[in-house]
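Below are two complexes that have subunit A in common, paired first with subunit B and then with subunit C.
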Partner chain A sequence: MNAEVRPIRTAAESGLIEAFEAARAALPGGETAARLREDAFRAFAAKGLPNRRVEEWKYTDLRAIMREARPLVVTLSEADVAASRDLLPFGDVDAVRIVFVNGRLAPSLSQLNDAPEGIRIVLLADALAADAQHALLLEGAPADNAAIALNTAFASDGLMISVDEGVSVVKPIHVANVQTGGAHAAYGRVLVSVGKGASLTLVESHSGDPAGHQTNTLIGLDLADDAKATHLKLQDEGLGTLHLATFAARLAARSALTSVSLSSGAAAARQQVFLAFKGEKATADINGAGFAGGRRHLDSTLVIHHEAPGCASRELFKTALDGEARSVFQGKIVVQPVAQKTDGKMMAKALLLSNDAEADAKPELEIFADDVVCGHGATVGAIDDELLFYLMSRGLPKAEAEALLVQAFVGEVLESVEHDQLRDALSARAERWLRERD
Partner chain B sequence: MPAVQETVARVRSIDVDQYKYGFVTEIESDRAEKGLTEDTVRFISAKKEEPEWMLQWRLDAYRRWRTMTEPTWARVDYPPIDYEELYYYSAPKSFVAPKTLDDVDPELLRTYEKLGIPLREQEVLAGVEQRRVAVDAVFDSVSVATTFKAELARAGVIFCPISEAIREHPELVKKYLGSVVPTSDNFFATLNSAVFSDGSFVYIPKGVRCPMELSTYFRINERNTGQFERTLIIADEGSYVSYLEGCTAPMRDENQLHAAVVELVALDDAEIKYSTVQNWYPGDAEGKGGIYNFVTKRGDCRGKNSKISWTQVETGSAITWKYPSCILRGDGSRGEFYSIAISNGRQQVDSGTKMIHLGRNTTSKIISKGISAGRSNNTYRGLVSAHRKATNARNFTNCDSLLIGDKCGAHTVPYLEAKTSTAVFEHEATTSKISEDQKFYCQQRGLSEEEAVALIVNGFVKDVLQQLPMEFAVEAQKLISISLEGSVG
Partner chain C sequence: MLSIKNLHASIEDKQILRGLDLEVKAGEVHAIMGPNGSGKSTLSYVLAGKDDYEVTEGSATLDGQDLFAMEPDERAAAGLFLAFQYPLEIPGVATMTFLKTALNAQRRARGEAELPTPQFMKLVREKADSLSISTEMLKRGLNVGFSGGEKKRNEVLQMALLEPKLCVLDETDSGLDIDALRIVSQGVNALRAQNRSFVVITHYQRLLDHIVPDVVHVMAKGRIVRTGGAELAHELEARGYADYLEEAA
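Entry: the complex of A and B
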């Protein structure tokens, strides 16, 4: 009776197997890369899509959400490139822009050769051809995670960005991902390393038309000693898209990371953050804001590993939900025995604007060191009636008063963006949601 | 490494001394055959002279249990339990249901005397004890004595061993047994349903405020025996009862299993206050021996404005797996959970609560204080959920952990699920160590380091201790200082 019970494969699982067989030969990289992809795919195929019985996916049942596997795009059509122009956000922000349409690089929209001094941007395919196999290995993030394994197996296009020691890159690097045309699957992978004492602002955007696309994106970030990085993400996918995203960062001594994300799109989205403190006195500030209406599903999952002494992490996540939308927050702070003097604080707040919305939160602490200060908080609630009454008594219509309060609620997250133009652009997106509430 | 050895030696010496209930009572006992089959279930049922429906109920549970697997999600680690190597029933040989206390084996009475549990009512009446508490004493698989039965009966309160209730109040048992924790609930609850041997049954009639506190004292004595107690408390409309539970076991090198099920039912406007001081043998400093405490406790606030409050002080057991929960079904009902869980040595605690809001205007409050020392692991695991119809559900959760030493772990795993916008849930958790400033302040006032720690810890757990009935609070306070002895330095 030792045979493992193996449920029948779903259409999506069989579709992924077929897609991998069809695509593997054309995927970039040599023999080693092919082996790494094969291993990753096997690890995925052995367990299949995670369901609610898998603790990490308890509230986001990917097996139920992902009905079928969408095809990969082999060659990008000019029509899709043209259509994607109107879907690009942050158009007026002064940045180095690199655009991927349907998971494929769109050279005509990208400024690959305009990189400032001290920063190298290499295409994933070129890096793999030059034997940089580590592009497919992601240290510090769980290899058995389905989203990561699928990204490793299928990563078709992407970037390797490195900033030289001591270089401060002022101009943000904007990696834009657009999904357009027929329903596609896109697997993008961007790996960034910031040298000693260097600094970088990385902007990531995801947008597209409302077709049933599938996005699986991965950002790996390595900060050397005293390095500084800002990571901004706008997830504004079309409302039919399934968005799976992984952000994995490793922080060396005294490095600092600020990450702010706004999730306003996708039918179902899961953003997973894996953070590992590898050197002492590093700091990380991870903030997220999200809106969802209709029957949309927003998942923010975080795992923060404190593996060095004296590091500080701050996490703040705020979500506003309307209609029958559902938000999930899973946050875990793990403090290893060596990580004495850790200072960790995590906060998750959900605001329910409709009676049918649902918020689930699971903030965890796992602590093995005694000299630490760690805390987490979670709240779920509706708009405070008294605040609403106060604003309405000042003559504001109810809808406007509500919008103002929601804006103030998520404003706290967006205010942590230092770059003026980017902050304004994110705030404008938030305001639009409040008008449309989709 | 002389300093380290010294500490180890000190902790060991304290650990052996500190568990003062570790003695064994030499008494012959009558046991069921080793292992678990349908015949074991029939044997237990026959021993208890149970009616046919009860036997069928047990057999159903047994058959279901055979199809289930042991849960592995808790943050505890133990070698697999061989359920065929256990004895499922053990009773003192001299045991014939005693009519009066004089019929009870004197050896048993001495055991309870040693444990400080008064079974003789006259002593109590003579004013030796300050307050009167009715006690049901359970020794291995049988209840040996229940005090103050006559006086309670005058108030209409039924307080008796559950085996007696099955025979004498079948209509109540049939109606409520398994209605809160169904036989199919979980692996350990199902096992308990099949083989439970004794426990207490309480019924408080309409509008009665129980005239005294009720208490059950559980003692495991026999080797290799599992104790499967079952407690059922029903508070009818407008009634009130405060119930206390205490537990101890001898020190043995092998692990023993304790899988209990406690069901509480509160009807309209009723209130049940359930307090536990759990002090099973925790094993020695190296983690040898100790009780596996796998308990399912659940209260059902079935009526309007009913209230169930759990208070627990967990200091014993090698492994604790316990989540006293409240189902807030009645409109306006209220659930409370106050817990202190202390782990030292190699103890593993995975405990917490579930507050399931189903009715309107339901409120719940969770205060959990975890203290880990030595090489122990202490986990709070809890769920707060509000269903769609639970409008205006309110919850406040506060779980704090305190770490003493750098080889222990403290973990918090709360789940919050809100399906209605009118629910307001607040959760906060902190983990910290005793600050040097606090310790220094106490020490410069002349306290030794250990006294300083004890004082600070007492302040840390005060919110929970205040919820305990008087006589338990004193005992719990003493226990807390004992459990932490040897953890400083």
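Entry: the complex of A and C
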């Protein structure tokens, strides 16, 4: 008699299995790539979509949020490309722009051949065809993480970007992801390596119409010794979209990373950041601002691994919530025994604009070295009545006074963007949210 | 200009104002002096419309308009200005942005056109100069990193810019050294006009050496208990408030 245990699949899990079976033959890459995809998908399928009983997903129950699997877009239609133009952010910013619509490269909107000297931008499919299988491996991030595993299994269109040693790329590289048309799933994967002493500004944007799209995006960033990178992210998905995002960075000696994100869209979003300090005296500043109203859900999950001595990490996350919106902040700093003189600080602040909004924060420290300075904090509060009265006593109507205070609250994060045009564009997006509070 | 009749107000069921009457005519400067706990600051907050206070009886009108029927921002647009005893710090809101937002909000409320930025900048520079407020200060977060004197000067700058009908100064002298007191007082005196009135709330007489009042009131236990001319302030300075504490008890 066979005592086989058959796990009960949800509709979304069954849908993902069918989608993988249907898509696998056409996914780019040779045999090794196929095996890596297979392994990743099996790792996912063995456990299924993570639910609230899985510690890292306790506050973001993906099994409950993701009711069904949306289909992949096989061929990008001209109509969708045309429709995506109006949804593209940062149009005024002087950047090298590469656009993915519905998870597919849109060559007519992209400037693949305009890369500045010293930087190479290769399509993921071409890289895999040329046997760059490491594009499907992501060191420093947990392979069994559901979002990462699904990305590894399904990613077809994406980029590999590399900056040569000593080259400073002034013009930002803007990777734009737009979702439009019928509800679909889109996977994007961008792997960046910045050579010794080189520098790069990478901008990623996510925007789209309000349909129930499912996006899964991954950025892997490798910084060589003395390299510098600025990473800016605008998550402005349509309000029906489920957005899963992974940003994994590895920092070699004396490298410096600054990352700023604004999350203003999506029905539900999970933004995962995995940082690994691999060389001494590297620094990372990770700042995030978020807005949510209605019944939206914003999750920021960070894991910072200090694996080398003398590195500094700073994380500041600020979220303003209205309606019945919910934010989740999970931040973990892990300091290995070798990582003496680590300086790590993490702070999450939530501002509740309604009685029904909710903010959950879970900061964690795991420290195995004895000579470190590490700290974390989390605050949740409402708008300060005294400040509100002060502003109103000067003639500002309540709504305007509140908006000014919320803007001041997130301003600390947005002002850390050095690029003027990008900072102004993010501030303008923040102002729009304050008017609409959606 | 300002007419307060039989005003009763409480906070958290604690009665603070108990039948206060005050008439301030256009162009007059009235000082309200009194011991700690007499309700001076409460009066200023009640006039400006702070939420925590409840008016239980009486009325207050500004040029005939019922103040208590208006929100704090509407009172400001109607011409009321409260200079705070402890001006608040708002990181992330540049002083200049705040000034512009406030002025334009009031102009909009009065049905006036917003002031174009170049004109606004010129206006602020002019007024700021006379109060020794640097451009650098205007760029900083509102009151952030300002000294006590700078904060009070900033209050007077707002007053000068917003051109209210009635200015209520709540213990503006507290925390000021002699030099700061002089600059602030000069700023206030420059704003004295036939169609503008002042209510100057203070514990000490020294501010009134600089801002000379037309009328001095003594407040105790939530009421005006005595009214006189500028000489009354000197009498209080010499004799203290002990008489009034007993009288009102």
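We take it that the second predicted complex is superposed on the first by the 431 of 438 C-alpha atoms of A that agree within 3 Å, B and C clash if a C-alpha of one lies under 4 Å from a C-alpha of the other, contacts with A are read in each partner's own complex, and residues count from 1 in each chain.
Here, a contact is a pair of C-beta atoms (placed from the backbone, for glycine too) under 8 Å apart; a residue touches a chain by one contact, two chains touch by 3 or more.
In this text, all values refer to a predicted model and were calculated from it rather than measured experimentally.
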item: First (subunit B), second (subunit C), both or neither touched by A:387; value: second
item: Subunit B versus subunit C as contact partner of A:375, first or second or both or neither; value: first
item: Of subunit B and subunit C, the chain that contacts the larger number of subunit A residues; value: B
item: Which superposed partner A:93 touches (first subunit B, second subunit C, both, neither); value: neither
item: Touching partner for A:405 - first (subunit B), second (subunit C), both, neither; value: second
item: Partner chain in contact with A:363 - subunit B first, subunit C second, else both or neither; value: first
item: Subunit B versus subunit C as contact partner of A:395, first or second or both or neither; value: second
item: Shared contact residues on subunit A - subunit B and subunit C; value: none
item: Subunit A-touching residues of subunit B, taken from the complex the two chains share; value: 73, 388, 401, 403-433
item: Footprint of subunit A on subunit C - complex, ascending; value: 48-51, 71-73, 75-77, 81-82, 84, 87-88, 90-93, 98, 101-103, 105-106, 109, 141, 158, 162
item: In the complex with subunit B, residue positions of subunit A that touch it; value: 55, 337, 340, 350, 352-382
item: Residue ranges of subunit A touching subunit C (in the complex, touch as defined); value: 385-387, 389-398, 400-401, 404-405, 407-409, 411-412, 415
